[in-house]
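Same chain, two partners: chain A is paired with chain B first, then with chain C.
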Partner chain A sequence: MTMIDDLLASQVRIINLGIETFAIELQGLGVPVIHVEWSPPAGGDARKAALLAALADEEEDEA
Partner chain B sequence: MSIRAANRVAVERLMEGEPVLVGCVPAAEALGLTGRVVLHAGPPLAWEHACATMQTAILCAVRYEGWAKDDRAALELVTGGAVSLAPCHHRGAVGPMTGMVTPSMPVFVVENRRHGNRAFATINEGLGRVLRFGANDASVVERLAWLAAEAGPVLDAALRSSGGIDLRAIMSKALSMGDEMHQRNVAASCLLIRALLPHLSRATADRAVLARVAEFLASNDQFFLNLAMAAAKAIADPCLGIDESTMVATMARNGTEFGIRVAGLGARWFTAPVNTPQGLYFPGFGPDDANPDIGDSAIVETVGLGGFAMAASPAVAGFIGHGGLPEAIAATEEMAEICLDEHRHFRIPTLVDRGSPVGIDLRKVVETGITPLINTGMAGKVPGTGQIGAGVVRAPLACFEAALEAFGAKSLANRRAPG
Partner chain C sequence: MTALTLVIKSCYRDSVALLMLARTLRATAGVSEVAALMATDANKALMAQSDLLTSDAAAAGPNDLVVVIRATSAGEAERAVGQAADLLSAARRPAEAGGRPLPRTLESARRHLRGANLALISVPGAFAAAETLKALRGGLHVMLFSDNVPIDDEVALKRLAARKGLLLMGPDCGTAYLGGVPLGFANAVPRGRVGIVAASGTGLQQVAILLAARGEGISHALGVGGRDMSAAVGGLMTLPALRALAADRATELIVVVGKPPDRAVRESVIGTLRELGTPAVLAMLGRGVEPGQDGAITTVTTLEDAATAAIAMLRGKRWSPEATIAMTTEARIEETRKTLTARQRAIRGLYAGGTLAHEAALILESLLGDVSSNLKPGVERRHHIVDLGADEFTVGRAHPMLDPGARIDAIARAAKDPEVAVLLLDVVLGYGVAADPAGDIVPALEAARAEAAAHGRGLAVVTTVVGTRDDPQGLAGQIARLEAAGAWVLPSNAEAVRVAARLATG
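Then we have the complex of A and B:
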């Protein structure tokens, strides 16, 4: 039995990222779901996302 | 210094500024405003690009100064270069809506005692037909003349007698009393008048003058707005020039463009076309009558007030058509997503005393696409109409994107530079 078969054989609980209508649809089917609001950085603009990554706070600054 | 460390310095400056109201003197004296100069709201603006409301106010300001007897003569002076235009922000000042400041207008002097810098704003004219909303009839000029001849000197005498009034203390208290210091300044105005009262009573022996000044102060719920703006500018200006900081230190609109300045990029403006506010309109007016976004008042959002502190002021959320308490809290929580910290002194009772979101991070705006929410009055776009309502408006994303590009180019070049 594969992992996916194991997963689907049990009660499925879902974390939905991004598009809320997926979560609403699942809720309507009685599936436990937690929706997390998320969108790709800079609206999906790869160049701006790369610039943001380059300007992100450094890990060593976290402390 | 890392970006994180620089932003820490910047946001601490925003929170720990100590704005104190110390005087009220003519702009010529306070700003060194000599010659025929008209200061306006927002980033730099050429006459031909100004909206009609701004142009009307400029011509009225020229007439008020006595440089021209009518609008036609005033127009010739402005277009011929005999009267020059400059942003209030370039002279240490801020002005609501059209933001007119001319040499003889009295301006409040706010001193940031933490950093030693000063900022200035005119006396709020009151509601109705006023210069800041582009009204331009004889009553507007008459009121401005009275402010210069009578109200300004009396207020200055009272303020000098007081030794200075702590504006941050008033703003902190007013937040807990339902003001957000942009569209609602009732509590702050009352607290200021209470602080001024003993000094006003001794500022002049002429009881008729005192009565007129008292009536003027008591009749304007928004009296404190200009002071909140000057306080915010006094607090924010020392942040300009903090190298490597991505914090926004200025937001301002001139009716044509929205401009921001960033702590790590100094005096350079980044602009984009303004949006038009949406909200509630006075009877007889609607969305088609509204002028595009205008005024330096977004400086209060820059320091964590106004739309950022909407949760402190559910009454404002209703007044400007932005729902009730749940929507007000949601607005403040949304603004927290683009800010660096919660304010140490500006606390919000409806958020169980959490601080107002403060320190807009350019990176977070571009990353999330969430743009600053600004509470604002709405001017009529037909010259001379005055105020037609109040609402909210979003800052345009494009000026933040442009600033991020410039910041990235500078910061990454610095990292590559040897040594």
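Then we have the complex of A and C:
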């Protein structure tokens, strides 16, 4: 069984980043969901945020 | 006129929350204009355009929330600013009800929700790739709702997802269903035996609601993003999605919805489907696609045909394309044409759904030629289709399925054109979209018909409602609302387009 097969066979449990109404509606449907109080990282500098994300344990992707 | 500014430092609210705030404030006595935005450079440029960039707003940074209010008197502006501050501090915080503060990062969210398996990401496009990378590295599947993600980032993220065996839906994945759970903009449809792999949102929604109307449900529907089947992305997520649906016990038939894929990707898709042996319908919305059946794979060219072909195959019946117009419809076409002048020959398609706009342009082109759209460059022709969800309309503004403003303006403009015979529209219901999509545009439709009547001509309004009776907005009520405003509501986008074509040409 692949991980995607497993996702389709399981109860979806959701981390919501961004539009909060999605979390509110999922909660209303009884779906396990946690909303992240997200704010733009790196002081709102998207280029810097992308660089930071790419630098963080880059070697992990190669594992 | 006075303009007052409220700046809240280091306070982020998403575009939908800010849209709702601005709408509430606009309805306040004495308030003429409102901007409620994060003070990014792009948003500041927008505020400058509408002359709302006060010096306080100009001095704010990208992580600051800015509300600018223009009102007829200083007192009214002050009251509205006070209301804005109250609304922002009282905003409903889901999950906080349990007494715990909300997590601020993906990593801490995983400690709050044990066994989390999917990140639903709808942050602004510029930050979307970075958050997706974090989620995939953490072993989460991702639905990436955000748009404006560069294709190089998409390819890199999908390669990582594929290496890790994870599903990355999107970018610009508007709709998905996992085990009956609707994600993003999605209608309330029953669970069932049809699995869908779709490039984008409204194409998936149209197929799902047409199946639901005929008693068939969805097992899972996976959105892969509009570019997945391009040569650059190479079906990196389409192929694993097909394999997962074929392995799923609830899925008896797979529908694939998208633009015609790159030739090599198409061969991989067909090869994979043959190998898997699950019957499939390929809805390929593009020029030069020949409908037909090849073994257990049926190719169709409209979303309506995708649904009817799927149902015929599931029920062991023969299928042929549905392009007929009923006798009762013919009679109404003749009646409606009598209200139009000889000059009125043009169709204006004003769409909230991108795939529905694309489908409308394709069908009209095959019936009438002489069609243009904002989906591809070129001069405006007699019949013109506008996708109001395109980037040019959504910078600093929420999607038209939430914010009717751009469509209301477009309806008013079209009504003034003496050559326009038909306004062709979609109204999309479901979770995640506006609470009353029909009600949002009905006043504009009534005003448009009144404007035309004042100039001695009729104006046909032809619509389809993408919804089910179980949707939060209620299908019957939304249809009744549109019909009361003189709109003609048809059961599918394809049928609405066929009727519009007949009205414009006879």
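Going forward, the second predicted complex is superposed on the first by the 38 of 63 C-alpha atoms of A that agree within 3 Å, B and C clash if a C-alpha of one lies under 4 Å from a C-alpha of the other, contacts with A are read in each partner's own complex, and residues count from 1 in each chain.
FYI, contacts are C-beta pairs under 8 Å (C-beta built on N, C-alpha and C of every residue); 3 or more make two chains touch, one makes a residue touch a chain.
Predicted, not measured: the structure shown is a model, and the values here were computed from it.
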{"item": "More chain A residues in contact [chain B versus chain C]", "value": "C"}
{"item": "First (chain B), second (chain C), both or neither touched by A:A54", "value": "both"}
{"item": "Touching partner for A:P41 - first (chain B), second (chain C), both, neither", "value": "both"}
{"item": "Overlap of the chain B and chain C footprints on chain A, listed as residue numbers", "value": "39, 41, 43, 52, 54, 56-57, 61"}
{"item": "Chain A residues within the chain B interface of the complex", "value": "39, 41-43, 48, 51-52, 54-58, 61"}
{"item": "Complex contacts: residues of chain A adjacent to chain C", "value": "1-5, 7-27, 29, 31-41, 43-46, 49-50, 52-54, 56-57, 60-61"}
{"item": "Chain A contact footprint on chain B (complex, rising order)", "value": "2-5, 246, 363, 366-369, 401, 404-405, 407-408, 411-412"}
{"item": "Sites on chain C touched by chain A in the complex", "value": "10-12, 14-17, 38, 40, 61-63, 92-95, 101-106, 109-110, 112-113, 115-124, 126-127, 129-131, 133-135, 137, 140-141, 145-146, 160, 163-167, 178-179, 181-184, 220, 240-241, 243-245, 247-248, 431-432"}
